[in-house]
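The structure under discussion appears below in the form of structure tokens.
Chain naming follows the written order as A, B, C, D, E and F, and within any one chain the residues start at number 1.
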Amino acid sequence: MDIVEIVQANLLTPIVLFFILGVVAASIKSDLRIPEQLSAFLPIYLLAAIGLHGGLEMRKSGLEHLAIPIAVAVALALVITVNHYQILRRLGKFNIFDSYALASTYGSVGAVTFSVGLSFLKNQNISSEGYITAILAVLEPISLIFSIFLVNMAVEKELKRRKEPFSKITKQDTKTEIVHDVNNGTNIDSDTKNKAVNIREILRETITGKAIIILLGSIVIGYVIGDHGFVSIKPVFEDLFFGALVIFILEMGILAGQRLSDIKKVGPFLIAFAVLIPTFNGTIGVIIANYLGLSIGGAVMFGVLFASASFIAAPAVLRVAIPKANPSLYITSSLGITFPYIIIALLPILLIISTTFHNLSSISLFG
Amino acid sequence: MDIVEIVQANLLTPIVLFFILGVVAASIKSDLRIPEQLSAFLPIYLLAAIGLHGGLEMRKSGLEHLAIPIAVAVALALVITVNHYQILRRLGKFNIFDSYALASTYGSVGAVTFSVGLSFLKNQNISSEGYITAILAVLEPISLIFSIFLVNMAVEKELKRRKEPFSKITKQDTKTEIVHDVNNGTNIDSDTKNKAVNIREILRETITGKAIIILLGSIVIGYVIGDHGFVSIKPVFEDLFFGALVIFILEMGILAGQRLSDIKKVGPFLIAFAVLIPTFNGTIGVIIANYLGLSIGGAVMFGVLFASASFIAAPAVLRVAIPKANPSLYITSSLGITFPYIIIALLPILLIISTTFHNLSSISLFG
Amino acid sequence: MDIVEIVQANLLTPIVLFFILGVVAASIKSDLRIPEQLSAFLPIYLLAAIGLHGGLEMRKSGLEHLAIPIAVAVALALVITVNHYQILRRLGKFNIFDSYALASTYGSVGAVTFSVGLSFLKNQNISSEGYITAILAVLEPISLIFSIFLVNMAVEKELKRRKEPFSKITKQDTKTEIVHDVNNGTNIDSDTKNKAVNIREILRETITGKAIIILLGSIVIGYVIGDHGFVSIKPVFEDLFFGALVIFILEMGILAGQRLSDIKKVGPFLIAFAVLIPTFNGTIGVIIANYLGLSIGGAVMFGVLFASASFIAAPAVLRVAIPKANPSLYITSSLGITFPYIIIALLPILLIISTTFHNLSSISLFG
Amino acid sequence: MKLYNIKLLTITCEILAQNKIYEMLKKHKITGYTSYEVSGLGDKGMRGQGLPEEKNMKIEIVLTERNAEKIVEEILLTLMPDYAIILYTSDVQVARMEKFS
Amino acid sequence: MKLYNIKLLTITCEILAQNKIYEMLKKHKITGYTSYEVSGLGDKGMRGQGLPEEKNMKIEIVLTERNAEKIVEEILLTLMPDYAIILYTSDVQVARMEKFS
Amino acid sequence: MKLYNIKLLTITCEILAQNKIYEMLKKHKITGYTSYEVSGLGDKGMRGQGLPEEKNMKIEIVLTERNAEKIVEEILLTLMPDYAIILYTSDVQVARMEKFS
């Protein structure tokens, strides 16, 4: 199958079409919405299903293959996060807070994009290694934690240099300026102490975040119960998976559609960033996975981990951890640009790359 | 199977029994309820499932049979809406607002009733043409839009004749009267201007209403993805359909049960109207469908379109579009009388009529 | 299979593991939660599924076996409730209100525990008599109603003896004391009258409680529709049952985990009570069921009825019926101690007992 | 436009006390109120995070000063001892006095 | 710290009237409000237990006395006749006057 | 019946600021509050229609005037610059003064 066919086949899947329906509905200001509590539950359900599935697969394949891919993935996640930061700060001229927030949004992984990746592969009848779910679980908090550290170190440095409240570093509206004049000087020390406490608290919250807990928990449960124990809950946690995903994607389409007008506001640099960086990261991921010996599908999923940007877990953490960053930048770019770009175009591209590389290496092996 | 058997078989289905359970629970003031957000989601789900199913069927049967039935259905919907209005205003002596509101409630289609119709046919192992879903999608807004136009023209006429605020036309409690004396004269022009804006806004809201968007969208998606693309989401959008319908019907039973005491208040005329008009409209629908060449089941579903009264979409629109109409009239009659009457008694009746006519025409064809 | 194997097999089921995951998540203060409306809906769904299943089974087995087990179960429920009261009041030195509240919590049945019991048996490929669901439906309100009567009679007696407001009987904080001094004397009569009204109202609310209505209604519906009528709704009401149960159990784990610190507060007596009483009641239940001729699985389920303590329906009723009882006592002990104890340890124990007794009686029959 | 002074009584209580408050309002012929679920922290700990029965309810009633006093007094005497309740009154201005008296 | 006196306008209305109120606020250049769903009892019976369309909405607006008067008057004239609405104003103190005027 | 004057502090803020406010209350030894989710419009646009994290929270605290002033001041200095927050105080009357001081 050539690239056009794959893209075409991918365009006409329920997932892409329901996403588009959501965007259209929001654009014409329809009142179509998935009720809040249901759309809060769906990611929990999706992660539980992904986790159980991964755990079941890992039980079959054993844990011995796990260590290297995880180590490589963590290292890669750290490198690309720093890389994002440099690009955003130097080329993009974003302030320190927005740069770290965006760097970590794109350094972190998107569980919904991961689900769509699984669905895409299933559609193409391609399987992938179950343990990639374990990598997802490990990566989920890593990049966020890393960014929180970096941003705090950076702020600390600035503080020492300037000897004034760190909020001055970012551009502020006049009202805030006035408030901070009052805050000047005397409060710095208590501020710094407060922050130490805060960072620990934020780290705790990041690690115990619901996404990570349900994902890790489900992997362990899937591993423990095995196929036999899974039988009775399979109708819910496997058969309903793609239908539930479609419902959630509809809501994501609506949310993305509501932000269409914000896309212009994020500026051409960030638009380009939101398309090129995932393409670059995803390609690197696929290639490395190939060298690690993963299957065609496994390499695509490995690539998706790095291509994807988190638009649920990351924003929730970042808003608390880097409150001075502008949330509409990282939410709009990740949900409004990168997510649709990946599910519509990048998934087929990564598959082509993975297939090509796989064939190359098979040939070179036997050539 | 004779009529008694069919009615009996229909009485003992989960749908009718859960409806009755809901009515009983509400009558004895049980606190049984389906949580709000779930019962807000269920109609969206049901419409998505109906739409996908219809789209899949239309892909199989082609679109060429579509034009005539849709045109006939639209014409019929307009005729019966005007007919309802005449009956309600002349015979029923309802005021202009209530007459239009009721006329359009009974002129519009009920998606839940439609779902029950599908379930009823499935129970009897009878199939129906998939494109009737497309007719449902087209009819859904037509009657409402038509009524909004009619009521606005009528009010305009009244306004010119009386040269006073139109709210005077309807009977008002004394408090309102006082308020409107203040409102006299000077505000008429701005009122009229406001209304022009409002009508456009109301039309937009009607057309982009969630029911229509999800239904139309799902038809298109079903048509595009075909059976192959449907496989992965079938467990959610087909297998769960009847169970989900039953849960929703339970909640409808509860809502109907809460209004039992209101039924007396709507008066004998409206009670008779709520039974006779659906019977009449449904029968006409079945007969016309028969002449259009639809199958036995298809003719029943065509009849259901005209027999049913909307008790979710229509009230939501009417409350905004004709705020001076009394909502308890149209909700009580459509949900409390017409809906149970159709699902319990009229469905079997329409099936008998459809079978009879079908046999007659087959005989005449070969006779 | 010996006891260790059964316990082990039971420990590694999705239900137990998801419960533990919930406890862990709550202990590390994760924000993992099942949204409120979903966890409000799940017990309704579970009861509907249990009820339908029971009704279908009863249709197959007939109603003639029903009368004796129900009569025995009701008598047993009353006896154990009084027994609990004596133990709690005399040995546990609880005040009259807490004693009745706890007695009735442990005298009533837990539908969730019942569901877990069904799942446990299914896991072991053991079937049980369908009509035990009917016993569940009858027992559900009995113990609560009985306790309400008892507590009211007791309070009445106290009132007459002391001729002062009954609230004085319980230990009060000083603020309340002051308030009640004002309330002294004159208000007693109207208080008594109010209470008569209240009791009737509380009884009505207990009997029409959503749990009982949906359970009874579903039993009747299952009985009426039979396997044929069940086909279309089976995917929702049977296939999804265990998966939905697992999701609900996760939430119960979270709630239990949130109360871990309260467990110390309930004191060693109540902790022992919360473990020993269910073991005793369950064992009695299994043995009696054996004499009644139930199957191995049926006897386990009969035992579960008496072992289980209600932590959803009972607390809701008791908080209204006996407001002077301390809810954290009965919720913490039933949800935090008894429920995990039963699903982890007691279910296997009851199965061993049931198997042993069954073998004994078969042997004695043929010996 | 003339506005009239009247009282707003705000009651925050555990969800299980609310029916008793509604009955009390009815007894005093007060025919209007507005209510909604809230969470909260108080002497009886954090409420509204766990079981639905553990939520709080906030009830707001626009009423005459006389009625406000009667209700407050009755709640203090009859419900305060058994349920988690706090309440306060404040001054508000309405356009249509007749509706609330 | 200096606090400034300003008005809080509280409107409780059926959910279908809310958009009209938002438009009215916009017309009067009032750019802030807070809103949430509530249940309630009033002349038009119990609201908020049945269909979602039958819920009430509570809208709270911090605004100048002048604006409060204008809005109240306009609601009384245009919406009161058709919709279930009650409203009242009260005195509140804010720290940043400029935000609300 | 004697009622005592006391302050009600109402804070409407984005949901992510709420924990910081609860910590602040704790620091000032204020042990009671009532809170609930709301939607709203303000300088930072419409909130509460999209992602759950974008909702607003309303927090109401009955407290002494002195405490009210301290909290308001601290919020203005520390949270206002980073979060969407509005707040106001008003006068309310309670029956049991000791509970709030």
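Quick note on the criterion: contacts are C-beta pairs under 8 Å (C-beta built on N, C-alpha and C of every residue); 3 or more make two chains touch, one makes a residue touch a chain.
All values derive from a computational prediction rather than experimental measurement.
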Sorted by label, the chains bordering both chain B and chain C are A
Shared touch partners for chain D + chain F come out as E
Note, CA centroid farthest from chain E's centroid sits on chain C
Field rot_deg for pair chain A/chain B, CA superposition, rounded to the nearest 5 degrees, holds 120
Separation of the C-alpha centres, chain A versus chain E, in whole Å, is 40
Dist(centroid_CA(chain C), centroid_CA(chain D)) in Å evaluates to 34
Chain-centre distance (mean CA atoms) for chain E and chain F, in whole Å, is 20
For chain D, residue numbers touching 2 or more other chains are 36, 76, 90-91, 96
Where chain B touches two or more other chains simultaneously, the residues are 36-38, 40, 235, 239-240
Checked against the stated definition, the touching pairs are A-B, A-C, A-F, B-C, B-E, C-D, D-E, D-F, E-F
Within the complex, chain C is touched by chain D residues 16, 19, 49-53, 76-78, 80-83
Interface with chain A, chain C side, in the complex: residues 12-14, 17-18, 21, 24-25, 28-38, 119, 122-123, 235, 239-240, 242-244, 246-247
Residue set of chain A touching chain F in the complex reads 36, 39-40, 167, 172, 176, 179-180, 182-183, 187, 255, 258, 312, 315-316, 319-320, 323-324, 331
Per the touch rule, the chain F residues reaching chain E in their complex are 10, 12, 36-43, 56, 58, 69, 72-73, 76, 86-91
In their shared complex, chain F is touched by residues of chain E numbered 1, 3, 6, 8, 22, 31-36, 62, 90-96, 99
